[in-house]
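Two complexes come next, and they have one chain in common, chain A, joined by chain B in the first and chain C in the second.
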Partner chain A sequence: MAADKVDPIHQFHIVKLIPINIGGYDLSFTNSALFMVATVAVASAFLYLTTSSRSLVPGRLQSVSEMAYEFVSNMLRDAAGTQGLKFFPFVFSLFMFVLVANLLGLFPYFFTVTSHIIVTFGLAALVIGTVVVYGFMKHGLGFLKLFVPHGVPVFLLPLVVLIEVISFVSRPVSLSVRLFANMLAGHITLKVFSGFVVSLSALGAVGVAGSVLPLAMAVALTALELLVAFLQAYVFAVLTCMYLNDALHPGH
Partner chain B sequence: MFVTSAFAEESAPAAEGTAGAGAETHAGTAVPGEAHGTFPPFDPATFPSQLLWLAITFGLFYLFLKRVVMPRLGGIIDVRNDRITQDLDHAAKLKGEADAAVAAYEQELAAAKTKANAIGQQANDAAKAEAETARKKVEAALDKKLGEAEASIASIKASAMKEVGSIAEDTASAIVEALVGGKASKAEIAAAVKSVAR
Partner chain C sequence: MADKNGPDGTGETGRGKQHEADIRDDDLERRRRDLEASLATRRPDRLEGKDAKASSVAGYGQALKLSSEFIAGIVVGVGLGWFLDRMAGTSPWGLIVGLLLGFGAGVLNVLRSAGVVAEFGQGDKTRDPKD
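This part shows the complex of A and B:
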């Protein structure tokens, strides 16, 4: 049991809450699904309830909602121009979803949705899919100009195009791995230091005294993780805006 | 955690295919053949369920934000911006009105000053004219009196001059009487005086 408690991987285990099996696929409602629902519920409820008064002079919570809205709006406008605002609901949903999922994950015993690569990859694939579909819809084959930068000598062109294609294809990977790895590493570190506190305390008075150090570390890491939770949501949204800019203006 | 052996077998190659960095972690933590050894984030058995629920939850979240939350938030911010613009316009209008009022006041003040000056000038002129007529009247009266006085002086002088002749005759007769002892006739004396007086 003691080993189980300190196992830093334990927090990432998926537990089936309502087993569902359709056509050989395991589509069970798991703790991960539960926390996706919680993320959506918390974010929706916050945004909906804080703006319900529609005050001309906003209260504190309404200000938070408005700040998030204008923050993402400015981010998108800076990266992709005014045309990019048609993707505003998409980018805002992504930002809020990732942010709230990250923040919820910081609560002890809570599952972190974004610590699973498939979830972050799903979101990243959605972003890149939007970019590709919209790019071809809007520009047709002109979207392929994305891979052919202006002013490159002809003999270098094959090499440059190859590099551009590789960099484009690696985008969903880097986008998803960045978020996933940050959340995963942060939570493992937190768990390890918290585990030190528990195992040191079991050693008696000296251990309890010594456990002050990892405890302080765990507190500091919690603050850091709070920053990372926000920062990664921001980075995810910013990169989404930049990729969408490529779909809108493929000619560099 | 119930992961069937079939899923566990599938998981190892699939996880290695997902990401190079992940495969390392996987290799370090996973013990082949043991269901609990699979590193949970790389366990493909959970992928369909997670993707499905992500699609459901994120899709609903997107629709809710797009249909309900964002129009509302955008509306609040637009209304506020409109209100601020409106208030600024109103303030600018009021300032214009205040400026116009100040200008009108200054104009009226200038007009009043001019009017006051005119009235003062007029009163001054009238007073001067009045003083002038009064002076002229007084001068005329004085001239008249002077004339009268001169006339009376002239008449007095004339009468006195007339009397001077008789006095001279009397005096001459007296002197003649005293010197000569005779009496000169009045006519001779008068003729003598007259010749002398001339």
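This part shows the complex of A and C:
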């Protein structure tokens, strides 16, 4: 009876808020879309409001914005060199979107946008698409040198190139799976432990006393999730920088 | 304490007005050196403590990273093979070859993200330090 009330997967259900159907395609405005809009709104509003005073000596909130800026720009410069800074708006937007989406997902009753693989895969496909398009634009067919390692015997080359191509294609998959799996697993664990608190306290006085243990666990997990939210946004941005480096300097 | 650098250890017998700035600099220098020395004694401890605490979380992250790299290689290899099978009707050979190649790519991904194998397109050349 208590089991059907505590459904750890229920939080990931997509609910249509405003049904929209254009030309046979379902383009409804869902709760996922709502939280994407909220994510963009929160991130933009935060950055805009905290930097609007433009004081030379930054206040607390302004220095948070400046830290985020410097953090991403240093990361990009380390991974892709100064040439990579032309991708700064792209990487910074990605970083802020993933970070704010992860953080918003930590609020109770909020929807976690990044816990759906199609969202994270969309972001990763955007990254790899940028890498491929920019690589071919800048280097032409020389971009294909990326798949040909130096010093490989000619008779092994077809095999090695095939494996390198698969390895390249698997990058967006591993990038998106990592973010999605971390958020999904974290939220399910959190929900399960919180569910234990509810189920146990229904058992009477002993249950209420015993429910302190899962409650403590849930508190600890929330702290861990906060760390994971930052870490995964960071990892996503770092890997984006590394892949952009391949587009800028293939064959190095 | 390093009294050689103290205000009295400057070798001056008297404190003329013209030496006051020098003496103040000297004093500042000594205090800065003291601060640096005491910071240097504290810094390694702090870093070590941080490492020990962060190592389990970092290890978890590393494990997840490597396993996702490996699985992604296999999934993409199998997916490509399956897709070719569907297009060309060569079932099951595309799947088999794709699985094997995907396995190879997965191993390559893991070794690459562990930093054992050179990055994309680098081969055995040493990396350009300016990039």
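Keep this in mind: the second predicted complex is superposed on the first by the 247 of 252 C-alpha atoms of A that agree within 3 Å, B and C clash if a C-alpha of one lies under 4 Å from a C-alpha of the other, contacts with A are read in each partner's own complex, and residues count from 1 in each chain.
Basically, contacts are C-beta pairs under 8 Å (C-beta built on N, C-alpha and C of every residue); 3 or more make two chains touch, one makes a residue touch a chain.
Computed from a predicted structure; not experimentally measured.
Enquirer: Between chain B (first) and chain C (second), which does A:227 come into contact with in this model arrangement: first, second, both, or neither?
Expert: After superposing on A, A:227 lies in contact with chain C but is clear of chain B.
Enquirer: Touch check for A:163: first (chain B), second (chain C), both, or neither?
Expert: second
Enquirer: So, does A:193 touch the first partner chain B, the second partner chain C, both, or neither?
Expert: Touch partners of A:193: none, neither chain B nor chain C.
Enquirer: Name the contact category of A:81: first (chain B only), second (chain C only), both, or neither.
Expert: Once the two structures are laid over each other on A, A:81 reaches chain C alone.
Enquirer: Check the residue A:177 against both partner chains and state whether it touches chain B (first), chain C (second), both, or neither.
Expert: A:177 contacts both chain B and chain C.
Enquirer: Among the partners chain B and chain C, which is in contact with a greater number of residues of chain A?
Expert: With both complexes superposed on chain A, more residues of chain A are touched by B.
Enquirer: A:150 contacts which: chain B (first), chain C (second), both, neither?
Expert: second
Enquirer: So, does A:249 touch the first partner chain B, the second partner chain C, both, or neither?
Expert: The answer is second: A:249 touches chain C but not chain B.
Enquirer: Could you pull out which residues of chain A sit against chain B in one structure and against chain C in the other?
Expert: Residues 173, 177, 181 of chain A touch both chain B and chain C.
Enquirer: Could you list, by residue number, the parts of chain B that touch chain A in their complex?
Expert: It is residues 1-2, 18-19, 21-22, 29, 39-43, 45-55, 57-58, 60-62, 64-66, 68-70, 72-77, 79-80, 83 of chain B that touch chain A.
Enquirer: Which positions of chain A touch chain B when the two form their complex?
Expert: Those in contact with chain B are residues 9, 12-16, 20, 25-30, 32-33, 36-37, 39-40, 43-44, 47-48, 51, 54-56, 58, 62, 65-66, 69-70, 88-90, 92-93, 96-97, 115-119, 121-123, 126, 173, 177, 180-181, 184.
Enquirer: Please give the residue numbers of chain A that touch chain C in the complex, ascending.
Expert: Touching chain C: residues 80-81, 145-152, 159, 162-164, 166-171, 173-174, 177-178, 181-182, 224, 227, 231, 235, 245-246, 249-252 of chain A.
Enquirer: Within the complex, which stretch of chain C touches chain A?
Expert: Residues of chain C touching chain A: 57, 61, 64-65, 68-69, 71-73, 75-77, 80, 101-102, 104-106, 108-109, 112, 118-125, 127-128, 130-131.
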